[in-house]
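In the two complexes that follow, chain A is the common piece, with chain B as its partner first and chain C second.
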Partner chain A sequence: MEEMKDIILEYVIEEYLEDEDEELTYDTPLISGGIVDSFSMVSLKRFLENKYKISIPDDKATPEAFDNVNKIVALVNEFTA
Partner chain B sequence: MGFSSKVRNIYQEQLEEIINGGIYKEERFIHSSQAADIEVEYPIGSKLEKVINMCANNYLGLSSHPDVIKAAHEGLDTRGYGMSSVRFICGTQDIHDKLEKKVSEFLGTEDTILFPSCMDANAGVFEAILTAEDVMISDRLVHASIVDGMRLCAAMHDTFKHSNMKHLEKKLQLHSDKRLKVVITDGVFSMDGDTAKLDEMVELCEKYDAMLFVDDSHSTGFIGKTGRGTHEKCGVFGKIDIITTTFGKALGGASGGCVSGRKEIVDMCRQKARPYLFSNTMAPVIVAGVLKVLDILSGSTERRDKLETNSDYWRKGLQEAGFVLKEGDTPIVPVMLFNAKLSQDFSRDLFAEGIYAIGFFFPVVAKGQARIRTQISAGHEIHHLDKALAAFTRIGKKYNILGKSKKEIIEMYGL
Partner chain C sequence: MILEEIVIGSVTSVCKHRGDFMSNIGSYNDRVKNFDWSISEKELGYKDGDNINIGWYCSDRICEMGKADKTALIWEGLGGKEKQYTFNDVRLASNTIGAFLKFLGIADGDRVCLFMDKIPELYFSFLGGLKIGAIVQPLFSAFGEESLFVRLENAQTKAIITQRKHVGKVRRILEKSNFLKDIIIVDDQGKKPLREREIAFSLETANPVENLDIFPSKAESPSVLHYTSGTTGQPKGVQHVHYSLISQYLTTKWVLDLQENDVYWCTADPGWVTGTSYGIIGPWSLGITQCVLDTGFSARSWYEFINKHKVTVWYSAPTAIRSLMKAGDDLVKEYDLSTLRHLASVGEPLNSEAVIWSEKVFGHAFLDTYWQTETGSMMLTNFPDMKIKPGSMGKPFPGITATVVDNKTFEPIKEPGKIGLIAFKPGWPSMMRTYWNNEETYKSKFKNGWYLPGDRSSIDKDGYFWFVGRDDDVINTGGHLVSPFEVESALLEHEMVAESAVVAKPDEVNMEVVKAFVTLTPGIEANPDIELKIMNFIRKKLSPLAMPQEIEFVQNLPKTRSGKIMRRLLHAKEWGEEIGDTSTLEDDD
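== the complex of A and B ==
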């Protein structure tokens, strides 16, 4: 569980932050905080699907469900359980 | 009458929010032709001020060129004012076809289709050529019209970090299972003035079997040795699959745009692009003007050469004065101020000194990236640039930012 959290956090930092000094935690709002725009969300969805061998339906891949790392972990768990 | 007081209040509240947020846009009325020297009424109702225009997209100084005006008059006289029809019904004249062929020749492409604007070209092209089986991979700083076009398209959309080729390659690998892949970029980025790495992008697109799309609106006519655009500058002339560009900037500055590239792409636009199918194309008077512009540019590089000299002079002058600039070698030279209010104050002071240049801040640029965007023209003479440099320097001194670093300016004024 902790490992998944860190893997996703690391991916989000590498994928979306332009400035390496910016801080990001498990609770930082990603979509509503303007870090990830709705277009760029697709690579996160594809990363999760490839990494965890799951398929997230489009109606579940909402900006709300992707808004922070904790929520993303919960979403992934829903499909891996 | 559905416009009740309740409806009116909703809009008034939204407008107040825009005003209170300091991002309400006001127009300045120009009473002269577009040129380096213009007469401006600002604020509305005040007496006319003669100012030097440092913020037009009139890169080649052709907006009011006598030969272009004469050709436009002739077009008006011989082909009339309007077409009163979309292209495929009865809205195509011989000169529309002539211009499409001439643009293809100028850009080194297989075919071209005209649109009412480049905004329309970008809005229509993706939906016409892609489906849900495909993917669009765009630079994160592409122009708003491209973003709108991608929104209208069913294909998957992903982004890569600005001009970051390693990141782009990762995305091409991630989406390798898609039927068609299109990499999308501006040629010159309008807010920063930097140029896309088209040589590297062509290589990546060839390696991963992707098409390359370039919006060259801030390049066509003056970037590259003969002004053909960023593909000429980057040594990939003839290798771009889809180019969109505008006639509303360097190429006379009136309006109109196009999609130019592989003939199948252009043909798909002719069959399916909605702004082409459901809107009149460029008016004959403008077509005639653009034909003359392309004649002028095909015959001589004098104007783009002068623009290059002017741009170098301007950039060097600002650097020597001690301003923080965005790196680049195009006529777009952003003077970085970082703080939104400072950019507005600076712009107002410039106007009082007879220099017209606008401050840009969030949401037009990223937060903490406020700036005065200056744009140089072949219509500028050295005396225009010297006067503007003197004004910038005086105001820079007033705000104590000359010779200061980004960090020091932010410490003084905040973000």
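== the complex of A and C ==
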């Protein structure tokens, strides 16, 4: 679980965080915080699907479900369990 | 169901919601009969030949009218952080930025790019730049470095005002940038050293400039340079002039119906034309309080925002409205949104379901408005107190001569319901004056005395316009235009891509999204990781809007006999349209 959290956090920092000075935590709002926009969410979803060999239905891939790393981990776990 | 049969928001029902309010426009038909743009000129105290500086009109003039202490801007950022500014604050802040630009050597006619999120400095810089006669060039802060570079080079931009978080993109293009002289960072905390050409500027520590010499702009003096995408070629800089104020003021007053005590919320980003025409110029030239939410989208935060700030007039976009619909009706009931009295929409066609839904949950229908970057202000709209037909763009704004024309003869089509190209008779104040350094393309937009915005429509027997679609391959995603050419060009820069074709794909929320068909370089096998790499490559290089939401790897792309990729064939496939006789498509046209 911790490993998954860190992998996702690192990916978000690497791919989406523009502000080098901003510190990202597992609870930092990603979508509502403007770090990942709704268009970019598609690429984040694709990353999760590729990495964890899952398929996340579109109706589950909501801005709320992607709004922080903790929520994303919970979502991924729904489909990997 | 025939859309025209669903008629809601009649005069009676609209008046019921409006209480004692009389709409600013009154009778649409009377306004059309007696219209002259001098109505706007008189209200603004402008006469032919006078100075007309948008920066002054939106701040100093409002203060001179006795509204210096009235709230101009309520800004809210992440975590509920809030700031409020009066019109006098706006006047001083824009003066201070204008003076700083002058200090740096920015002169009238120089291009100054605004590359910021929706922070207060963006709004003040817009006015400050205009006050000193500079041409302001707002760019969407989510643009990737290539998108930024192309637009700065095309405009030969001298200075860019940005935030620390975006400065990395500017640094990466600096070496190849031929014109950029100053990089002004408005929120530098001094934690890291500044680099070549960078300069920190903070409104919080700068001495407010009480008196600034306002540049004596005339009607035809250049003001704003917005960039827009076309099917072919690089993005085009749409050149507007200070006289655009005449259109923007009156359309704001009559269509958005802003009145003295309104709290107005335009959700658009000033990186795009709606965010400047109706997110700065329109409301502030009327002296109206507006609010700005500078966070990412969430239905809950939007409702909280309306609730908290008691928003009365709301101008938004179909993509956002459809996203709110998806979030459900129950969420709406958690908030007191009873202050809302007037809603309007822009960016892409507003589907009838969204109109009907908004009437149901907010008690008011979103009224669709149609215009584009080049027109500078609303052209076809639904008006307060006018019978609306959900799904229709409404009728021409008074003073606008609009029709649909045949796509070959460019003669107006008289027959109701027949589809043609939307056409406007040139001559309204906010019409673009040219494309920056691209007069040839500008001229190509006019046929037989009509300006053609590039969309198809029909007009019904009552004079309402019904949007059909684009007349070219440009992709309208979430209300933003994306050039397939620009995405294809960027794709070819990826080492694994051999060829590509980019088309629009239907999307429930965004109307259209970008889809790419790609052939890979020999020896590379398609797999999901490659797809993701290419998506991220485009997202960073161009923008999240331009990132293909789907990539289909193919062995070959359909081509004409001379080798030109047949985008139309791929588009038809995506939209489930009849392809017909492909032999005709194989000919170049």
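Following the convention adopted for this analysis, the second predicted complex is superposed on the first by the 81 of 81 C-alpha atoms of A that agree within 3 Å, B and C clash if a C-alpha of one lies under 4 Å from a C-alpha of the other, contacts with A are read in each partner's own complex, and residues count from 1 in each chain.
By our rule, a contact is a pair of C-beta atoms (placed from the backbone, for glycine too) under 8 Å apart; a residue touches a chain by one contact, two chains touch by 3 or more.
It should be emphasised that the depicted structure is a prediction, and the values quoted were computed from it without experimental measurement.
Peer 1: Using the superposition on chain A, tell me whether chain B and chain C clash or fit.
Peer 2: Overlaying the two structures gives a clash between chain B and chain C.
Peer 1: Per the contact definition in the header, classify A:Glu23: touching chain B only (first), chain C only (second), both, or neither.
Peer 2: In the superposition, A:Glu23 contacts neither chain B nor chain C.
Peer 1: If we overlay the two complexes on their shared chain A, which of chain B and chain C does A:Ile31 touch? Say first, second, both or neither.
Peer 2: A:Ile31 sits against chain C, while chain B stays out of touch.
Peer 1: Of the partners chain B and chain C, which touch A:Glu49 in the superposed model: first, second, both, neither?
Peer 2: The answer is second: A:Glu49 touches chain C but not chain B.
Peer 1: Let me test your reading of the model: by the given contact rule, A:Pro63 touches which partner, first (chain B), second (chain C), both or neither?
Peer 2: The answer is second: A:Pro63 touches chain C but not chain B.
Peer 1: Once chain A of both complexes is superposed, is A:Phe39 in touch with chain B (first), chain C (second), both, or neither?
Peer 2: So A:Phe39 meets both chain B and chain C here.
Peer 1: Touch test for A:Glu3: chain B only (first), chain C only (second), both, or neither?
Peer 2: neither
Peer 1: Is chain A touched at more residues by chain B or by chain C?
Peer 2: C
Peer 1: Chain A residues touched by both chain B and chain C?
Peer 2: 18, 37, 39-40, 42-43, 46-47, 50
Peer 1: Would you tell me which residues of chain A are touching chain B in their complex?
Peer 2: Counting only chain A, the residues touching chain B are 18, 37, 39-40, 42-43, 46-47, 50.
Peer 1: Help me check something: in the complex, which residues belonging to chain B touch chain A?
Peer 2: The touching residues are 138, 140, 147, 150, 156-159, 161-162, 171, 174-175.
Peer 1: For chain A, which residues count as touching chain C in their complex?
Peer 2: Against chain C, the touching part of chain A is residues 15, 18-22, 29-40, 42-43, 46-47, 49-50, 63-64, 67.
Peer 1: How about chain C: which of its residues touch chain A in the complex?
Peer 2: Chain C residues touching chain A: 78, 117, 142, 164-166, 168-169, 189, 191-192, 294-298, 300-301, 323, 477-478, 510, 513, 528-529, 531-532, 535-536, 539, 544-545, 547, 549.
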